[in-house]
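In the two assemblies presented below, chain A is common to both, partnered first by chain B and then by chain C.
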Partner chain A sequence: MPKTLAVLMMDAPYEQTRTTTAFRLLDAALRNGYGVRVFAYEGAVSLPLTLQKAHPNAIHGRNAEEEAHPTPHVWVSALMHLAQTKGLMFDWVNCGLCVDERGVTDVVPGVRRGSPADFWKMVAESDNAVVIPTR
Partner chain B sequence: MSRYLLIESRDPFESNGFALRCELAAALVADGAEVAVFLVENGVLAARRTADLGELAQLARLRVPVLADEFALRERGITADELATNVKSASLDALVTELGNGAKALWN
Partner chain C sequence: MRVLQIIEPAHRATLEEQDDTVLWFTRALRGAGAAADVLLVGTAVGYAVRGQTSAGLTLGAWSQRQPPDIEHEITKLIESGATVAALSEDLSRRGITPEALIDGVRVQSRHGLGRLLAQYDRVWKW
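So, the complex of A and B:
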């Protein structure tokens, strides 16, 4: 049975480099054959928000396609797809209170609503855990 | 024996986070633990030989392995020959392996 890692993320999209690092870590875990459980807390619940839109860059004269602006919800979907193709677990739980505070209701299919107790369960059911705190 | 993975993301010249991590590493080693330090994001600025950080030298004396995220190094234009002698460039795969082997991770 593949090992599983639990990861807690806190930063909102487009705020910190560590969001990119965290996504790279999730990607590396899956590519190395690990299942992944993610608990998104505070601003991180907005990462799978499907209302995020790529935009053009008027300063550099690039349209939206040329700009290829990254949207974290696409990364979440891509990680889910990667896990599916590799037959690995990828479970993403958004903190419910954090969701309500921010009105983040339109999220990537498969993202679940939960509470910090779910993170406790994730840690208990995983081989290891890492908390990526906000700065 | 406990194994700890200290992940440092902060610029050592901007915050004292790196110094505190090294202090923690020394305390853990003194307590008999195995410790590794993984530098990510602006934390890799500490990896440069010319940064001349006493804390990095202390980690070398303690034989604490120091890894630096190759992606973060490339982002900042830091090449392998600029790294301090006790720092190795590594992908996040190495971090995943440490976690998979049960290292207790502390992310700063």
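So, the complex of A and C:
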């Protein structure tokens, strides 16, 4: 039975390098055969928001296609797909009250709505858990 | 499974959320059955001071009706059986004496932190 890691994220997209680092951890965990369970708290519930749009970059002289600006919901989908190809657990829960506050209703299919009780369940069912808070 | 929630800094969107989001989360975890305790460090030791208020925020015609009540949150945690401690070195650095603390808040020295952390299965720094 593969080991699993639970990760709580808290930062909204496009604010902190911690977000990219957290996604790198998730990717590394999956590539090394670990399942992952993610609980998105506060601003992190916006990470799987499918309404995010890439845009051009006039300062760099790049159109939208050339700029290929990252949209974190694509990262979520990519990790979901990686987990599926490797037969590993990938569970993403958005904190429900945080979703309501922020109006984050359109999310990557498969992302669940939940509560801190779901995080506690994730922790109980995982081999270890890391919390990555906002500052 | 015993969990220690180390909280630093204070006042991350507490007025917008009408809570400290980590104290709130801790109460929710305890409601879900977690044996979660709290250690306040850095600026968060200020949460342990008795008699604070965040009331009075007004923006234009809008006034906050439910300001955060950190003392209430800490008191409810203690009443639920949680240990809530504040780091003594960070308290004294800020001139906060033990007499100023909310009833039930413990004082923890940095020197004993290793022994304290060893008592927990999970230690999360927020």
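The criterion applied here is as follows: the second predicted complex is superposed on the first by the 135 of 135 C-alpha atoms of A that agree within 3 Å, B and C clash if a C-alpha of one lies under 4 Å from a C-alpha of the other, contacts with A are read in each partner's own complex, and residues count from 1 in each chain.
As a working rule, contacts are C-beta pairs under 8 Å (C-beta built on N, C-alpha and C of every residue); 3 or more make two chains touch, one makes a residue touch a chain.
Source: prediction; values computed, not measured.
Chemist: Touch check for A:K3: first (chain B), second (chain C), both, or neither?
Modeler: It touches chain B, and chain C stays clear.
Chemist: Output check: A:A28 vs chain B and chain C. Expected answer is one of first, second, both, neither. What do you get?
Modeler: Only chain B; A:A28 stays clear of chain C.
Chemist: Should A:Y41 be classified as contacting the first partner (chain B), the second (chain C), both, or neither?
Modeler: In the superposition, A:Y41 touches chain C alone.
Chemist: Return first, second, both or neither, reflecting whether A:P133 touches chain B, chain C, both chains, or no partner chain.
Modeler: Both: A:P133 reaches chain B and chain C.
Chemist: Scan A:W120 for contacts with chain B and chain C and give back first, second, both or neither.
Modeler: A:W120 contacts chain C only, not chain B.
Chemist: Give one of first, second, both or neither to describe whether A:R18 is in contact with chain B, with chain C, with both, or with none.
Modeler: After superposing on A, A:R18 lies in contact with chain B but is clear of chain C.
Chemist: Which residues would you name on chain A as touching chain B in one complex and chain C in the other?
Modeler: 129-131, 133
Chemist: Would you tell me which residues of chain A are touching chain C in their complex?
Modeler: 8, 41-42, 101, 115-117, 119-121, 123-124, 129-131, 133-135
Chemist: Can you tell me which positions in chain A touch chain B when the two form their complex?
Modeler: Going by the criterion above, the answer is residues 3, 5, 17-18, 21, 24-25, 28-29, 31-32, 34, 127-133.
Chemist: Touching residues of chain C toward chain A in the complex: what are they?
Modeler: Touching chain A: residues 1, 3, 9, 12-13, 17, 21-22, 25, 28-29, 31-34, 122, 124-126 of chain C.
Chemist: Write out the stretch or stretches of chain B touching chain A in their complex.
Modeler: So the residues of chain B in touch with chain A come to 7, 9, 40-42, 69, 71-72, 91-93, 95-97, 99-100, 102-103, 105, 107-108.
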